[in-house]
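Same chain, two partners: chain A is paired with chain B first, then with chain C.
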Partner chain A sequence: MSISGRLSRFARRNSARPEIDARRAGIGILVVFLAPALLIYAGFTIYPVLRTFYNAFHAIKPHGVVEFVGLGNFTALLLADSIFWKAVSNTAIFTIVATIVDVFGGLLLALCLFARAPLAPLLRVVWFTPVLMSYVVVGIVWVWIYDYDWGLANAVLHWLGLGAYEQSWLGHPSTALSSVLVAHVWKWLGFNMIVFLAALHALPAEVLGAAELDNCGWLAKLVYIIIPMLRATIVNLLVLSFIGKMMVFDLIWIMTGGGPLWSTETVSTYVYKRAFEWNTFDLGYPSAIAVLWFIIILAFIAIMTRLLRQRDRLEF
Partner chain B sequence: MHACFAMRSVAAVGLVTAAILGGVATKASAQNVTLEVWSHEADEPAKVAFRELAAKNLEKSRPGAKVKITWYEKNPLFAALKTALPAGKGPDVFYLEPDQVEYITASYVIPLDDLVNWNNIEPWARKVWTHNGKTYGIPQEAYTNELYYDKDALKKLGIALPANGQLTQAQFLEVAKKARAAGMTPISQGVGDRPYPGAYISGEALLRKLGPDDYQKLFTGKLSFADPRVVEVLKWVKELVDAGAYPKNFMTLKLGESHYYFYSKPGAVTLPMGSWYTGRAFVPEDKGGQPEKFPLGIMQYPAMDGGACNQCKTSAIGASFVINAASKQKELAAAFLNAMSTPEMGKMWIETVYLQTGIKADVKNFSGPHAAYFTELMDRQKGVTYFIGSPRDMVTGECKDTFAQVLNSAFPGGLLTVDQAVQMMNKSCYKG
Partner chain C sequence: MATQMRLGFAQLRRLPLVLFVVLYSVVSGGPFLWVATMSLRTTAEIFKNPYGVPSPVHWEKFADAWTKSNYSTYFWNSATVVVVAVALVTVIGSMAAHCLARYRFRGNRFVRFLILSGLVLPPQLLILALFQILLDLDLYNTLTGLVIVYVATHIAMTVYILEGFFAQIPQDLFDAARMDGYSDFEIFWRVTMPIGAPAIFTTVTLNFIILWNEFLFAVVLLTDDAKRTLPLGIMHFTGSHQLDVGMVATGLMIAILPIILIYAFFSEAMIKGMTAGAVR
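For the complex of A and B:
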């Protein structure tokens, strides 16, 4: 048979087959493709979470001995642990302030770039670069900036003739938390900015154009048109930012270790200390803190999404 | 028949080969063993060289044995151990310090009494690791708390040190005031990355004022921090703090930076530090070490008015090694501990690390570029009564955390009054 004959027979045979639907895979194929990811997820996420819940109700003794203590860990935590409450208070302040500043600061920067401010391409790179840096680098850089003797912060104050305001920024309970907060915001502003910038560029040009035709001023356009249309983005960033801040650890650990006098102690740093620095192998108590905090975060996320969700669908 | 013969031949060859390979494998598994060691102090070349040499010596004496040392920083090492040991894993041998008694109470380390050659270890150092009649660690590094000073700076202030090298508490306060007036930092110290250096001055003062017994009671919860003698000491420390004794960046200055602050920039009159100061100072200047001609001196911590033991001094054990209870090669692990603890290795430790050791070493004459330093260090040990153990060895849990936050950091950092410090320490530590 000639080659052209073979090709035409092959084409006829294939055209007679039913259409293959890539979405309709057999159970075997599904298992093969999903199993590796599910196993990893189960091993490194589900099991540790379940184990933490289990530990929270037990005292973990050496060599695998566990003793059921019921709500004992939670009672001790809530009724007799003053450092825990200090950590909760610090984390709450940090989370609320940093979330608001991060999200709305990011929005302002994005608006600045969206309005094509001078040097916008350069500013975009400069503002986004800290996002790419690790917490360790950011922490070390800011510890240097805040150093009393050779830090940039005091040098600038001195240069401005404000020497009276020079101080040990990370060394005093009244300034330590806000100083860490500034470093944190510096790192994350750029992330929010880039997300907002993408959302701004996706806004329908007709709506913005119509507002301009109606002689709408820039503030009115921002308040009545842009922000309502960015609502979904704002809510998402608020929730994401909130979760991240409630679990803040790295930056605080590097910059202050929770001091001075527990003024920057957060729930996460306290969990770490209780687990690894308190001369004990009992992971029950730190697990109780982690579980309680997990439930609190979950509850707040539910409340936030309920309060901030879009009730009326925008049409444009 | 031929086929049958061929099959039998193949089977025979197979069996013989399997037997040979099996034999080789058995022999190999008996001899080729790897001893896992986890150690801190990766950033101290002399200590790294010391332990690597001990590993090589063991490998030479035990063909087939290999020692694999993994180097850690302190905090990651203990975080790794606290997860590995409860899972029945971890290295055969690991670095530990005497204040970490939880490893002993949890039985994650084994008694070494019958495994190690204790003839090579100083009895006083062994005692530090003895709990309920059993010894759990090989005390490698020993140190004393010293008060280093810049001889030229002290001369500039017009202060002469008495022959015994010990100023009174009033004289030391005078040094601080004079130094500040002259634009010098009296005491280089920082608590940016350690939970103890800020308490050197108050700790040594309390030891001298209270004497060893009451000092121990204070840090084991049997004596109140409101005791008038303790309050008196804290008031003196507060006077030092108010006189500007510590650097302005005390709260964030790191341990290594405080060394550099003392001998290079900007310079300070004194540096309270464990005698392991040398580990960072005696490296080349371009690697952050002390300048070659730096006029380093050692004075005794000040004598306290009415002190119960002004000749007292803290001596403690630092770097030590223990054997994991889950190790399958305990005998080889003990051989490694012995390899690190011979008199020759003890001599090498002193001559290269420039630091005391718990290993018995017969070193009467010191040689090398820092011989004068070591001679002065030994002179400062004459007539001294040692208190073995630092406050951190005695406190645990919440008290340990409060010690780090209060006596180490906030109090010398000028953030607390004496009353506040007493109240906070008592709340967490005093069990009376």
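For the complex of A and C:
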């Protein structure tokens, strides 16, 4: 929420006009305005969350068979499920690398346009296009790009004289995860670029001008002036990107389905598989994975915002 | 003379920048161009040379893709679900946002917290239980069920954006409206809605793009071919035409073109919509 919003709210609080108070409403009015949103939200968001938590402590078999297992799902998951740990490590690698590349790659693109590259207004629109495409479209196109026989990736390598590096990018366990990661970054770079560009244009022009008068080089200007002033935006995008990557599902499901040999299995694809693909017919176990992962995501968000904010406080 | 030399030097220094910009433009736009050329060529032509220019241009492939598969069904399913869900979430969300931004009442902060906590809920936490709930309600494998789920899962973001904007509308307008004898509903309809139109337009754009592309809820909650939305349809079409690359490319273009067309006319609005939650 913006400062002006907060200010006007503060002003309102101090100007009490009891005779005509447009900020008061009967309970009936409140119900009419809030009930539709609250009912559908409670029924199809809050209730499912609670039910997932309930499921996590039960074995949910077909035909309404429900069996209380206590922490059994969690102990099985943490102690005896090697695929789960593989999925955790894949998701961790994916999240860390993709978040950093996404955010700082987006910053680099934004700086290019901010430095008045030719055709910048047009490029801003063109570079954003992948953000609007569905994962299905992006996934299929990138599966073709990685195709061994006629894909663009191998064709470019061949053309550059690097034919020795041609390979089946998605078919080999050692390259599959990074290949999907490149496709994911390709889709989201434009998003981070736009957000940074808006933040860059909102920077006070006097400060940048003063730096130029002081004969400050572009690298020094970037490191000492621009990046510190963009800190809030960077933290925001890091957290936003982190949440998205921790839950990555669509693109991986479409491109590799988690394979080959679990090399691209993520926590989300594993949840889906355990619930709907494996013949275990138990919704409790995948619910336990989802609950555990949600708690871990929340914990990391709390840690990230606290760490990055504390440094703020120390500096100023 | 001296200025000319300096200009030349400055331009030379900009060369890496220009090169990088050109390179990234090729990387970000190239794949779309490639799909576009393939959509107008036959599979035989593509396998002979994957990177050729379409000649002759096979426009008829678009008609074939549309008529010889269920593409039109997928397209209209998506259109129906998305239009109904976006309309509902906009009306319901702006009513709730208006109420939270405008009225002082007990529990205001609690309701706000409850709804906005939906911003951090991962879909994976909901999807298994939603599957059970829709089965219980006989809404599994129906477009109605999918619409309800879409509305419920997008209320948080809608209320978040709208409430922030509505709260900035000056209170004087509402006091004046109240003095003129407007009812609560008239105030919502004739003050908040017209003034909040830009923010409402932003949430409509955002929800439209997200839902048009949505995959996870649809893949879990729909099974019939006749009920598939466009993203599921494309997946299915690709699966059943795996070797017919040319036809799949045409199918992809049918999915891409509406978005590109809308984007060409409303690029600023779409960019603003997609980044509304992140820019402040």
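Definition applied: the second predicted complex is superposed on the first by the 286 of 316 C-alpha atoms of A that agree within 3 Å, B and C clash if a C-alpha of one lies under 4 Å from a C-alpha of the other, contacts with A are read in each partner's own complex, and residues count from 1 in each chain.
Here, a residue touches a chain if its C-beta (ideal position, glycine included) is under 8 Å from a C-beta of that chain, and two chains touch if they have at least 3 such contacts.
Because the structure is predicted, anything quoted here is derived from the model rather than measured.
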Worksheet item: When the two structures are laid over each other on chain A, which of chain B and chain C touches more residues of chain A?
Response: C
Worksheet item: Does chain B (first) or chain C (second) touch A:F281, or do both, or does neither?
Response: first
Item to complete: Please indicate which partner A:H63 is in contact with in the superposed arrangement: first for chain B, second for chain C, both, or neither.
Response: first
Worksheet item: Now for A:K273: first (chain B), second (chain C), both, or neither, which partner does it touch?
Response: first
Item to complete: Could you tell me if A:L230 is touching chain B, chain C, both of them or neither one (first, second, both, neither)?
Response: neither
Fill in: First (chain B), second (chain C), both or neither touched by A:S168
first
Worksheet, complete the sentence: Where chain B and chain C land on the same part of chain A: residues 60, 150, 275-276
Worksheet, complete the sentence: Counting only contacts in the complex, chain A reaches chain B at residues 60-64, 83, 143, 146-151, 168, 170-173, 257, 259-262, 273, 275-281
Item to complete: Over in the complex, which chain B residues touch chain A? Could you list them?
Response: 75, 78-79, 82, 85-86, 99-102, 105-108, 192-193, 247-252, 266, 396-398, 400-401, 404-406, 409-410, 413, 415-416
Discussion item. For the complex, give me every residue of chain A touching chain C.
Written reply: 1-2, 4-5, 8-9, 12, 17, 20, 22-25, 29-30, 32-34, 36-38, 40-41, 43-49, 51-52, 55, 60, 109, 112, 115, 117-118, 123-137, 140-142, 144-145, 150, 152, 155, 186, 189-191, 194-195, 198-199, 236-237, 240, 243, 246-247, 249-250, 253-254, 267-268, 271-272, 275-276, 283, 286-287, 290-291, 293-294, 297-298, 301
Worksheet entry | chain A-touching residues of chain C, taken from the complex the two chains share | 17-18, 20-21, 24-25, 27-32, 34-35, 46-47, 50-51, 92-93, 95-96, 98-100, 102-105, 111, 114-115, 118, 120-133, 148-149, 151-153, 155-156, 159, 164, 167-168, 170-171, 174-175, 177-179, 184-185, 187-188, 209, 212-213, 215-216, 219-220, 230-231, 234-235, 238, 245, 248, 252, 255-256, 259-260, 263, 267, 270-271, 274-275, 277-280
